[in-house]
Amino acid sequence: MGFFLETLFGGLMAGMLYSLIALGFVLIYKASGVFNFAQGAMVLFAALAMARFAEWIPKWLGFDNLIVANLLAFVAAMALMIVLAWAIERLCLSKLVNQEGITLLMATLGISYFLDGLGQTMFGNDIYSINVGMPKDPAMILENMFEGGLLLSKEDLIAAIIAAALVALLALFFQKTATGRALRAVADDHQAAQSIGIPLNRIWVIVWSVAGFAALVAGIIWGSKLGVQFSLSLVALKALPVVILGGLTSVPGAILGGLIIGVGEKLSEIYLGPFFGGGIEIWFAYVLALAFLLVRPQGLFGEKIIDRV
Amino acid sequence: MKLRPFALAMALATVGAATLSMPAAAQQANEQFFPLLVYRTGAYAPNGTPWANGKQDYVKYINATGGINGVKIAYEECETGYATDKGVECYERLKGKKATLIDPQATGITFALTDKAPVDKIPLITLGYGLAASQDGGVFKWNFPLMGSYWTAADALIQHLGKKEGGLDKLKGKKIALVYHDSPFGKEPIPLLQKRAQMHGFELVLLPVTAPGVEQKATWLQVRQQRPDYTLLWGWGVMNSTALKEAVATGYPREKLFGVWWSGAEPDVKDVGANAKGYSALALNPHGTDSPLVKDILKKVHDAGQGSGPREEVGSVLYMRGLLIQMFAVEAVRTAQAKFGQGKVMTGEQVRWGLENLNIDEKRIGELGLAGLIRPLKTSCTDHMGSTSVRIHSWDGSQWKMQPDWYEADKSVIDPMVKEAADRYAAEKQIKRRDASDCNA
Amino acid sequence: MLYRENGQFKASYAADQQIFPILQDRVAIGALLAIAFIVLPLFGSEYLFRAILIPFLILALAALGLNILVGYCGQISLGTGAFMAVGAYGAYNFLVRIDGMPLIAAMLLGGLSATVIGVLFGIPSLRIKGLYLAVATLAAQFFTDWAFLRISWFTNNSSSGSVSVAGLNVFGLPIESPVSKYMFCLVVVCVFALMAKNLTRSAIGRQWMAIRDMDVAAAVIGIRPMYAKLTAFAVSSFIVGVAGVLWAFIHLGAWEPAAFSIDRSFQLLFMVIIGGLGSIMGAFFGAAFIIVLPILLDQIPQLLGIPLSTATTSHLVHMIFGALIVFFLIVEPHGLAKLWSIGKQKLRLWPFPH
Amino acid sequence: MMMNDIAAAQAAASATGGRRIGDVILDLQNISLRFGGVKALTDISFNVREHEIRSIIGPNGAGKSSMLNVINGVYHPQEGRILFHGQERKKMEPHMAATQGIARTFQNIALFKGMSVLDNIMTGRNLKMKSNLLQMALYWGAVQKEEIAHREKVEEIIDFLEIQSVRKTPVGQLPYGLQKRVELGRALAAEPTMLLLDEPMAGMNVEEKQDMCRFILDVNDQFGTTIVLIEHDMGVVMDISDRVVVLDYGKKIGDGAPDEVRNNEEVIRAYLGTSH
């Protein structure tokens, strides 16, 4: 029982991080109809920028303070992500308006390749660390209830809390602010939004910047956990089933989907894995999402697609 | 207007055709050519880079000190990205330039090249990796897994655990987990561990990690559930540091965690720092900058502005492994020259003979500037490994600390397995085992 | 003035429905085949065969298969590597488990195994579309990656999980030397390319394109979406599976599942995009481009005397590929094949532009 | 001017006597269709007789296109019965309607824009092509013969619609009016017994409309094809239709011969009310 709960917690905490990445997908899809395959590359790019700036800035400016260095690096990395968002809008999206979803998806595949190359050329391809002072050792809780107590990774817990806070923040931003309303208007109907004076281009820059922000935070959390290097871009592949399960257009879907996938894959790996020889979590998440799609093609909270002719 | 990209494409195609059809860039007639297959990009770049730099630095060092009896070494790097098909492309490209020896630097590429090498007559040096069965020179005429294979590594680890417990028989009833990279590299040790488990009565728990290994939460939850007495780590690249971090996060004692020699370098622990304290791994090669060889390289290569990588990297574990691989390559050429002609460029076949007749004794080790740091190595027609000596080093939170004891793989365990696997391979490939006359040739 | 279709009148529908209705094109393709079948085997270097031509032919075949699915039928797939793997491991098992299994039979059976799996993972396409389907094909990718690593039956209980083949022959002729390997691939690719072309210009090809361009309208004129999509999946994965067999048997010789990883799937998708969606010739253009470009980028700086580090080159290749993908999608969504036909159009008018 | 021409064409058509309105072949009974909470069609009943030209009119959003989509199986009504040739239709997919001989065109052109005119019309014949996959891959003998036989049929349609000069052009490059014509050609290629036309003349100039009217009447006349037509141009509708159904807000408000409908008060109110 204790172990089951540990697995459950582990899954929930991993799921929260998937939600964070999935949120980046959903935001961009809602606002620009682009299924952004480059989200993973953005995570890597942002994390590389963060890690390297935190290393370089103290050297350039000649001081030695971890907190200041991290703050400055965060600002610099965020600025870079905004520039990136602008460049993507200017050079790519604005030229692909009204193209089909598949074309846009393939364009983001191109962007993702480009970013992988650019990030490593600019920042190097070694393994770098992000030190934001996350506690690494685990905590034991409820020791009087379970034999040996329940193991809880403090780092995962904090990461999950940050992710949850950010997800809540973004959801609020989307629902309550004027920009958020404009974003939703764009999501509903590009042309209508344009006709009432919402500047599409600016909205896209904003939404890609916000996705860049989500990527940066995800990059910092994952980077602090795993170290920053090439494989970080693969975490996006784990978020894909989340988006599919939750529905491409739904913020709550991304959150709930993340938790379901997180818990589902951990439980499956531990309780079903041994019967299959292990290593099943990656495809299990996909097959779970796929099976779900067959029942509900638009995902958990997605809007039903009606073909109009 | 629309024609312009087309014209551009045509121009590119013309240049391309010219480049591709051109004969391989001619190199000096009196140079020994070593292709250097490396990976400095992708998921395994942090580990591949120091390795590649070590290989290159040693070549530069030999050239700076007058070559091999006056024969300079030409080299060319080719990026494989750890991908088998890229590796094959590199091999095909560089072999055309009269390649005489190749270190594929990846298990998958080694498997693909093992079939091609005998045809092209290019020996493969796979120091500490590759196919365990290729130790058997009777079947694998062109493969040289010098210093050890995954079987000797696993054997040494089990011996070490036995020693800690006070005897191999004390392993009875114990539980040993293997957390491994889900690839041929990670799977190779399993047959040996299963055999040892049978011999000593310990329980073996297999926990695969999907490559590249950034997601291990479930694996380490299983470790926590199973509570193995020891856990062996068979990882590469980012999998290692992630494993250590997850071990920390799930509170698995690092003192009970033992890595293979591909899981015991600086990039694996650097990022975990003090939290990895107590973790041990096999040390196939020495590290540090104290040896005369490394000091000399720093002086003659790095101080001359010729260093392949940053100076701080020199002496790191994987850098030293690259250095050692290239050193054996050079020694093979030297050995071959002794037989086929001093100061001549050796062919692939001659280098192969050199590899098969290596005899690096204590005296030679001293001359190479590594006195006391490596064990003698002597290869033969039947034994392409030469030595199975290995030590253990432990991470003290900031650096690797070498432990004094040397381990040798137990021949009585390994040899029958090698023979059986080699015979199976020979049967599959319809290869005839070499006879004595072939050995003396 | 040389390239003219003026005066080449078609007196019958049969003549009008030829693959290359223009005489000059027929001459050109004949010459190309003559070079491929006669000149290259005589004069090509081993490097040219092994490092360029053989992988080019095989990947062009795989891209061709993928193009049927993506370019002709409009069903995006990110799991091509998986279907190649199924082909390779399927053929391997037929070869090692059945005594005296001829290579060509094993190859076709491998293709059929890929067809079965392809259709299986194509079934969701009946219910889900576009982006969602892309994720379904990723499920195929990850599942097969896992299955061939984990289920030792597929690898004939190889302890390391790596398998290899040796002593291949066709009708007693050994497929060992680079030239024989090249010729074998060339024949297979030519046969399949011709068959693929035939399919795309007959009724089923029109059904695929109809589904691609507007599936509701296609259904309304009597095209069964299920039949059209599943045949596209079947034909596509059969061809891709055969390419997988060639890749494993002929090109690599020894392989592990990583040879068919998701990177391979993306690589093939890029070939299709750059080469030209919905074009048989595009698959060849795309494959040539993607194989040759990195090699050129490796070599040209060296020739110019500005050696780039291997890492820089590799990153550069990534960036150039990425930029080209976006470029092609924006400027010429039909890829190199379209540029080629524009070039021909210009040539037709040359030297008088109007 | 134009009306006269059409009337003349109609007169000429009836003069040849090729057309004889027959029995009811399609009977729609109490059809209701909802999308989520939105009612698109409410309790609609009407029928179509063999060989007639049956028009559906109504203001925008009246449910006309939805009605066609119900007839050929794109939408599935929640309530009601559909009888085709006297048999009740069960679960229906669009391609089954095609096999029963129902073809249609679309309000917003639904051509296959990546294909040439010829290929577009050839797809219309797909139900009549019998070769299997392997034969097609080999493209020998029978397949080639079949292709050529169908090509001949398609060329007849191309001649009929007077689009010979663009047969190899990708449809996306054609002007709007020609695209509409190609779409009609694609529907005709299936040799349907019933043809559903969704605003075939929308956005056309007078001459194009005349041409299109002529084609519709010729089809009806020469092949005896039953036609269900949605059209906004009242003049055209009243001139060429045998009977007219009027929809408004998803409900039927009128049904009958053109003259009856023209004088139906509810219809007049609906049209005046929505300023058409």
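Letters A, B, C and D mark the chains in the order given here, with residues in each chain numbered from 1 onward.
One rule holds for everything that comes next: contacts are C-beta pairs under 8 Å (C-beta built on N, C-alpha and C of every residue); 3 or more make two chains touch, one makes a residue touch a chain.
Just so it is clear, the structure is predicted and the values come from calculations on it, not from any experiment.
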Partner chains that chain B and chain C have in common: A
Per Cα centroids, the chain farthest from chain B: D
CA centroid of chain B to CA centroid of chain D, Å: 72
Rounded Å distance between chain A and chain C, as computed from the means of their C-alpha atoms: 33
Length of the line joining the C-alpha centres of chain C and chain D, rounded to whole Å: 41
Length of the line joining the C-alpha centres of chain A and chain B, rounded to whole Å: 36
Where chain C touches two or more other chains, by residue: 145-146, 149-150, 216-217, 220, 311, 315
Multi-partner residues of chain D (at least 2 other chains): 74, 106, 110
Residues within chain A bordering two or more other chains: 120, 125, 277-279, 282, 307, 309
Chain C-facing residues of chain A, complex: 35, 91-92, 95-96, 99, 101-103, 105-107, 109-118, 120-121, 125, 237, 240-241, 244, 248, 276-280, 282-283, 286-287, 289-290, 293-294, 297, 299, 305, 307, 309
Touching residues (chain side chain B, partner chain C) in the complex: 2-3, 5-6, 9-10, 15-16, 19-21, 23-25, 38, 40-42, 45, 49, 52, 77-79, 81, 83-85, 88-89, 92-93, 95-96, 107-108, 111-112, 114-116, 119, 131, 182-184, 187-188, 190-191, 208, 210-211, 421, 428-430
Chain C residues touching chain B - in the complex, by the definition given at the top: 45-48, 50-52, 55, 145-146, 149-150, 159-162, 164, 166-167, 176, 247, 251-256, 258-259, 263, 292, 295-296, 298-300, 302-303, 309-311, 313-315, 331-332, 336, 339-340, 342-343, 346
Touch list for chain A against partner chain B, complex: 3, 6-7, 10, 14, 120, 125-129, 136-138, 151, 153, 155-156, 225-227, 229-232, 234-235, 238, 265-266, 269-270, 273, 277-279, 281-282
Chain C-touching residues of chain D, taken from the complex the two chains share: 72, 74, 93-95, 97-99, 103-104, 106, 110-115, 119, 122-124, 126-127, 129, 131, 133, 136-139, 143-144, 147-148, 151-152, 155, 186-187, 190
